[in-house]
Amino acid sequence: METVHHDVLVIGGGGAGLRAAIAVAEADPRLTVGVASKVYPMRSHTVSAEGGAAAAIRPEDSLDEHAYDTISGGDWLCDQDAVEVFVQEAPEEMLRLEHWGCPWSRNPDGRIATRPFGGMKLERTWYAADKTGFHLLHTLYQTSLRFPSISFHDEWFVVDLLVDEGRCHGAVAIELASGKIVALIARSVVLCTGGGGRVYPFTTNANIKTGDGMAFAYRAGVPLKDMEFVQYHPTGLPFTGILITEATRGEGGWLVNKGGYRYLQDYDLGTPEPGPVKRSMELGPRDRLSQAFVGEEEKGRTVTTQWGEVVHLDIRHLGEKLIDERLPFVRELCRKYQKIDPVRELIPVRPVVHYMMGGVHTDLDGATPVAGLFAAGEVACVSINGANRLGSNSLTELLVFGARAGKRAVQEAEDAPDRPPDAALTQALDLERQIHGNLLRPAEKGERVATIRDEMQASLEAHAGIYREEEGLTTARDKLRELRDRMAGVTLDDTSLTFNTELLHYLEVRNLLDVAEAVVHSALNREESRGSHQRRDFPERDDDRFLAHSLVRRSSEGEPEVELLPVTITRWEPAERVYGK
Amino acid sequence: MPDTVKLEVFRYRPEGEGAPVYETFEVPYRDEWMVLDALNHIKDHQDGTLSYRWACRMGVCGSCGMTVNGEPVLTCATYLEPFLPGPIRVEPLHGFPVIRDLVGDLEDFVEKLQRVKPWIIREEEKPTSEGEYLQTPEEMDAYKRYSMCINCMLCYAACPIYELEPGFIGPAAIALAQRYNLDSRDEGARERHEVLAEHEGVWSCTFVGECSIVCPKDVDPAGAIQRYKVDATLDFFRSLVTPGRSP
Amino acid sequence: MRRARDPFFWGLFSGGGMLTALLLPALFLVTAITAPMGWFGMTGYEEWATLAGHPLTRAGLLLVAFLAFFHAAHRFRYTLYDGLQLYHLDALISIVTYGVAAVLTVLAAALLILVV
Amino acid sequence: MKSQARIPTGRISDPGYPRASNPEYTRHHPRWYRRRMPIFWWLRKLAYTKFILRELTSQPVMYVTLFLLGKMWVLSRGPEAYETFIQWLSHPALLAFHALVLAGLLFHTVTWLNLTPKALVLRVAGRKIPGWAIVGAHYGAWLGLSGAIFWILAGR
């Protein structure tokens, strides 16, 4: 079996992964960094982020204000020490990106421009029109090409981590082009594989968002934290699930129901004004807005279309000039994918799975309980997002914590043993045997992997959506057990070694099932309603029992076990979330 | 409106028969379906061996470029409807070696991209503590268009010169070099000139112009290349009349 | 030197392209079509000869000829090179195309300076 | 490190490039398939055909330049020679051919002027001049010069 050695291995080539790789290269150019990514880095899902990235730089803003908005937005489930680090390092990280060439939109005087965003009291969202993620990712990727110590394994799919006696020694990957299985040996490993929105059928997430890193960590015994918190973005295009950025509302867009009524006023989100009012109405947090949609649906005030129920996003009053200048991508997406022009027509939207607040349990440096293993970005849960992430915090998060994890991984690489134990290599050989020997052997036709995926997604949508209750969650739990058993009977049409995307998808679905299991078990355990986790059978927030993170890990019997970990409170005592006042 | 539509898909199985073949699939027709949706239907329900790339399905990741009825397109942004009644021919992008089915090998582009140094080059870097480099909206406008490239490779596929002369740096990489050359924060134009002024840089281009036509993001690489030729030529003739200046 | 070749010939090509695009259609229309057809004025030999004898005419035509020859040579070189995929013959094609342009320019100069 | 980790580039010039004709499939080195560009590639798409026609306008340009020089030479040979030349030019076959040449020239002019905004980016007082204005200015110049040529050579 071929082995490739790096000092630091970064898994995932999105925003967090590239930021981490650059951090390593800058900290110590003698260390070699390998970036293994299942897609070319510029394809990573960071590319799809639209609205912007938050950092307090305006003179009237303050770090405390950013921290408070984040913590209250997260329904007091954020670790406040993490949030403090986050808001403090945010401006410098964002400026660094500017120095690397990111085309942030500017004011006429040449300074960085900011725009309002949901749940934020001040304008602190930096933006590059409405393609912020795209520009951020390409800036990071192009900048990373500068460093000779970074080498890329593009289109290498990591199958699993190599963990022995509480230390991570690397990972096993398939080079897609050849089907070759390679052990990537490293002194420290940074997981930056993003979230797993594809456990749901209707999501803004790319096809590649299959929770791989979460599943690797979970299988390696690392707990996943707060997995029940899945964010629904209130404005996705029906049928495709394509995201229509919150910036549409930041610039002054309205959400209206069947009768053209700005219904958010009925959901304790303030009173309508013609212009955007921060922390009010359409600029409320995403969880509350998505829940309001369900309320409208139940009252029969949504619009029925061939793609299901929708409400309308109205940006016509913003005018063509502003839309073309600040929201050109929204216009492009609406025209291409919905065949409407938002300058003249209403945009049909509905809530859509967008982001996972939960993820691999880490400390403030991205370190997991397994030595030598770090995580940053959506795959990780540091946690700054609590029960509901504020829009424009995620791009900043991947910069801040990508950089921190990278720097910490450098220290770890210096302390790590010189060569991995034989046990790790044996593990790698086992995986090779499993894939080449079992999965790629022609077999009698069994089930298709797509069937398993579709049933999993349907179950999660039905039972672990915006509103949940015990009965449904139990059904989903049982369904997932059944699907896990049925995975053994799945066969592949494709037994080729060359660019075998069916094998890839099989491994992805295996990861998705693990992530789905973590989501459902954590949701079952949390008998309260908080942020994006709303239980019909427990409609109130319960700070006495659940002002705590859920940690789910797989027991030795293979069943998930959920325990609670208290939230870190520094300066902001839990209080009621108030919007629109 | 038909119930189904036929797709003729280019199949190349490096481990099977030698030559590529076209395989016909019949898929349900739906108004809102893109070509990519039809391919996904084949993959999920008919033939799991079909290989192709896709990710964001919103036209920004650049993965799903293929040749549909002869034209390079993003399949996630190309409706089935205009091709009715079919059959619709789906092939990999021209100009790239085919690894399998609809998957081309893009390593060549990645190497070329790195060669044109697509990053900010400065003699002195300002510390972040001193804030941002000021850049007015007009200054940003000078390079903004070229920064919109999603590396989808449609321009390479449309460029006959790239297919004829694989050494050509190519439209997207040159546009991205210009994206930095024209950025007011950058001072690296001279270093990039080393690569761009080679024959395989801008001079291979004969301005077919198709790269700009097929570009889904309106980047206009053809314009970037011609501008560079004009500037390089003016520099050259200026250096002839001004001794001591090197082109 | 290799570096200098491309901008040099491209400069001549584009200068020639612009000049011929702006001037040749009208010049050709008048000299090759309307004059023999007698459609407009100035069909007589005397008037033509006077104009042809003017030094400005000759200087201008020499410039047009020089740039047009190199424009055409450059384009034709690439037509052969890419259109017919004759990469291995690039050196030969270049020598022939630019060589022909150079010889024709010298002949044009001889004609315009010595003969006319 | 890099070369070791990466798959061969797949360029034909790369000695590591596995030829499509290579009958042997090695377990870890897939064979890439490279489609050969046909010799008549410019017939594959209408846009390419237009491109090659545009490039072939070099021949009308060449011809017309030689024609103009030829006319100068004829003028130097005296009135009889000129008269013969004019007779010869009036032959319908030659007129038809010249009409075709003129069409080629016009194609050159139109394609050339249409592409000007790609190569020229002009700014006046910080504002970019739009492409249509650049094209428009060039067409204006063309019409003006053509008018002047007409006026000098045929206007009296």
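Going by the order they are written in, the chains are A, B, C and D; count residues from 1 in each one.
Everything that follows uses one rule, which is that a contact is a pair of C-beta atoms (placed from the backbone, for glycine too) under 8 Å apart; a residue touches a chain by one contact, two chains touch by 3 or more.
Source: prediction; values computed, not measured.
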item	value
Central chain of the complex, centres being mean CA coordinates	B
More contacts between chains, A-B or B-D	A-B
Rounded Å distance, subunit A centre to subunit D centre (Cα mean)	51
Mean-CA-position distance for subunit D and subunit B (Å)	24
Whole-Å gap between the CA centroids of subunit A and subunit B	28
Between subunit D and subunit C, distance of the C-alpha-averaged centres to the nearest whole Å	15
Residues of subunit D engaged with two or more neighbouring chains	7, 30, 37, 42, 55, 119
Junction residues of subunit B - those touching two or more other chains	14-15, 99-100, 105, 107, 160, 164, 206, 229-230
For subunit A, residues contacting two or more additional chains	177, 497-499
Subunit D contact footprint on subunit C (complex, rising order)	14, 16-18, 20-37, 39-43, 45, 47-49, 51-52, 58, 61, 64-65, 68-69, 71-76, 78-79, 83-85, 104, 108, 111-112, 115-116
Residues of subunit D defined as touching subunit B within the complex	6-7, 9-13, 20, 23, 25, 30-35, 37, 41-42, 44-45, 47-48, 51, 55, 115, 117-121, 126-128
Subunit B partner contacts - residues on subunit A that touch it in the complex	39-40, 42-45, 47-48, 92, 95-96, 98-101, 103-106, 108-112, 131, 134-135, 138, 142-143, 145-146, 152, 154, 177, 206-208, 239-240, 242-243, 307, 329, 332-333, 336-337, 448-450, 454, 492-494, 496-502
Subunit A partner contacts - residues on subunit B that touch it in the complex	13-16, 32, 43-45, 47-49, 51-63, 77, 99-101, 103, 105-107, 110, 113-114, 117-120, 125-126, 128-129, 131-137, 139-140, 143-144, 147-151, 176, 180, 183, 185-186
Footprint of subunit C on subunit D - complex, ascending	37, 39, 42, 52, 55-59, 61-62, 64-69, 71-73, 75-76, 79, 82-83, 86-87, 89-90, 95, 98-99, 101-102, 105-106, 108-109, 112-113, 119, 138, 141-142, 145-146, 149-150, 152-156
